[in-house]
Amino acid sequence: MDYQHLITFIMEMLGTIAFASSGAMTAVEKNMDIFGVSVLGVVTATGGGLIRDLVLGITPPGMFRDPVYALAAIVTSCCLFWILYAKKEWLSGAFRTTYDKIMLAFDAVGLGIFTAVGISTAVQNGYRDNLFLLVFVGTITGVGGGILRDVLAGETPYIFVKHVYACASIAGALFYILLQEGFGQVTAMFGASALVILLRFLAAHYKWNLPRLKGSD
Amino acid sequence: MDYQHLITFIMEMLGTIAFASSGAMTAVEKNMDIFGVSVLGVVTATGGGLIRDLVLGITPPGMFRDPVYALAAIVTSCCLFWILYAKKEWLSGAFRTTYDKIMLAFDAVGLGIFTAVGISTAVQNGYRDNLFLLVFVGTITGVGGGILRDVLAGETPYIFVKHVYACASIAGALFYILLQEGFGQVTAMFGASALVILLRFLAAHYKWNLPRLKGSD
Amino acid sequence: MDYQHLITFIMEMLGTIAFASSGAMTAVEKNMDIFGVSVLGVVTATGGGLIRDLVLGITPPGMFRDPVYALAAIVTSCCLFWILYAKKEWLSGAFRTTYDKIMLAFDAVGLGIFTAVGISTAVQNGYRDNLFLLVFVGTITGVGGGILRDVLAGETPYIFVKHVYACASIAGALFYILLQEGFGQVTAMFGASALVILLRFLAAHYKWNLPRLKGSD
């Protein structure tokens, strides 16, 4: 199934670029130096998988056995830094609006594929029957990097306050578990990714929010 | 020893409810949505055990092998959220005062039993003779969830600034190690729990504080 | 090679004292109590090695198998606390200036030796050929404690915003990997430490900073 691996790899790369960019952009807005920008980019792109591997007892974690994702995250972060360094006016205005829209799409793809890859990793390590663990590792692979990004930047994690984000990942994880019983891993992987991406677009478009006590601001 | 397991389970459940409630309440006060409220509830209730299991190399961590505690934490957090959503006035006033008193009691029970269960887990995994490790895992099982809660909420961890909290846990851990030599695990477990609960009530009642440079505020 | 172990031990102790002091000082400035001061001291001194060991799958982590460093960090933190408790005026003025200079030297020694020990640990555990992992564990052993210190204190991690710090550690890690091919572990260890120390002194003296978008403040 060569196509399957290629498509997975492309989706993971789009996700890595989107996640690294969101980390790097957060760091730029906190006026970190280029080292901080790179670290926040890498942490956002690979942190979810790192937590997953620690919980599953996979050492050294996958990001060190196949460093292509970490390197892609570093390159992405540095490029973003130098572009913004040269063109500071791009931090706002029409360019930023277009950039944010592209990144929203990449980010949705990343959230979808990372959630699916997270569960797939747990299944391959023999945890197919532990539903709670599967949902957890799928979701943490998707959203863990963003949580670490916000904690390191001193922010309340985005996923706790804004829009339907982690819930899209949880829904995808549950859909994966449902699909793998009847249709196998490959269908589950792409079906779950597609659902997450769909939910994220709907949530962003219709500004879905979960209820909270004092209302949304 | 059926009674022993039942009592341990009831104490752990009281602790889970108290810890989840404190996480959920912190999230409500930060105006997080119901997802954030649930996550902070679960993290506070199970985070200490999670860190303990990562340090001891127990994978997947216990919270995934026996998810009843995580589920209890989620249910507790959601109930608290919906009650406060329906009755916002309960966030302050006489209801809150009574609630805080009950939670103080539950929390003390939880701190005691979690400390004892933490050491017991390490002993069962063959680390009986490593005193420093035993004290660490006992204390981190008791207070680790609260530290993660405060970091995720962007607060200075409570246990570093207010009242005698972690010290009660450390005292209980040391008492456990002392008791297990002469009286076995069961006595050590309940003796240590009882000491922690006693110390917490005394500390709360007499407003014990550890010294700091600029005085308590 | 008795001398080698002795020198390594002395360098690690100087680093432990410097790292613990920086954690304890941060805690004092946040008005934490003596427990918080001790915890932040220990976390800063041993946190880097703890993350390294979790990533490498070494459980329980080294800080529990040889608690002398954790104990040295606790003693250092408590001494600093009581000295400042007795002599609050030492928090500023000429004493503080001298103290900061000594600590800068100790800290550079610690950063150097911790980076080298981190890589050496990974090599001993069979990861000699994974360059990315070696650089990561060397750097995280050097700077991880400081990151945890700042996260727990609610600060943006120092290493993301100020002076050339982590980069000195990364340069040392790369130098170690280069040296170990031709000259063996011992030379690599001391050569890499020396380079880190040199870079830190140069960076502090000439106020080297990495570029950032909005300039240094």
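Chains here go by letter, A, B and C, matching the order in which they are written, and residues are numbered from 1 within each.
By definition in this document, a residue touches a chain if its C-beta (ideal position, glycine included) is under 8 Å from a C-beta of that chain, and two chains touch if they have at least 3 such contacts.
Just so you know, these numbers come straight off a predicted model, no measurement behind them.
When chain B is laid over chain C using CA atoms, the rotation angle comes to 120 degrees (nearest 5).
Of all residue numbers that take part in the contact between chain A and chain C, under half occur on both sides, making this a different-residue interface.
Chain A and chain C have centres, each the mean of its CA atoms, that are 31 Å apart.
Along chain C, residues 54, 57, 151, 154 each make contact with two or more other chains.
Against chain B, the residues of chain C that register as touching in their complex are 27-28, 30-37, 39-40, 50, 54, 57, 59-61, 64-65, 67, 70-71, 81, 84-85, 88, 91, 151-154. Within the complex formed with chain B, the residues of chain A that make contact are 54-57, 127, 130, 132-133, 136, 147, 151, 154-157, 159-161, 166-167, 209-214, 217.
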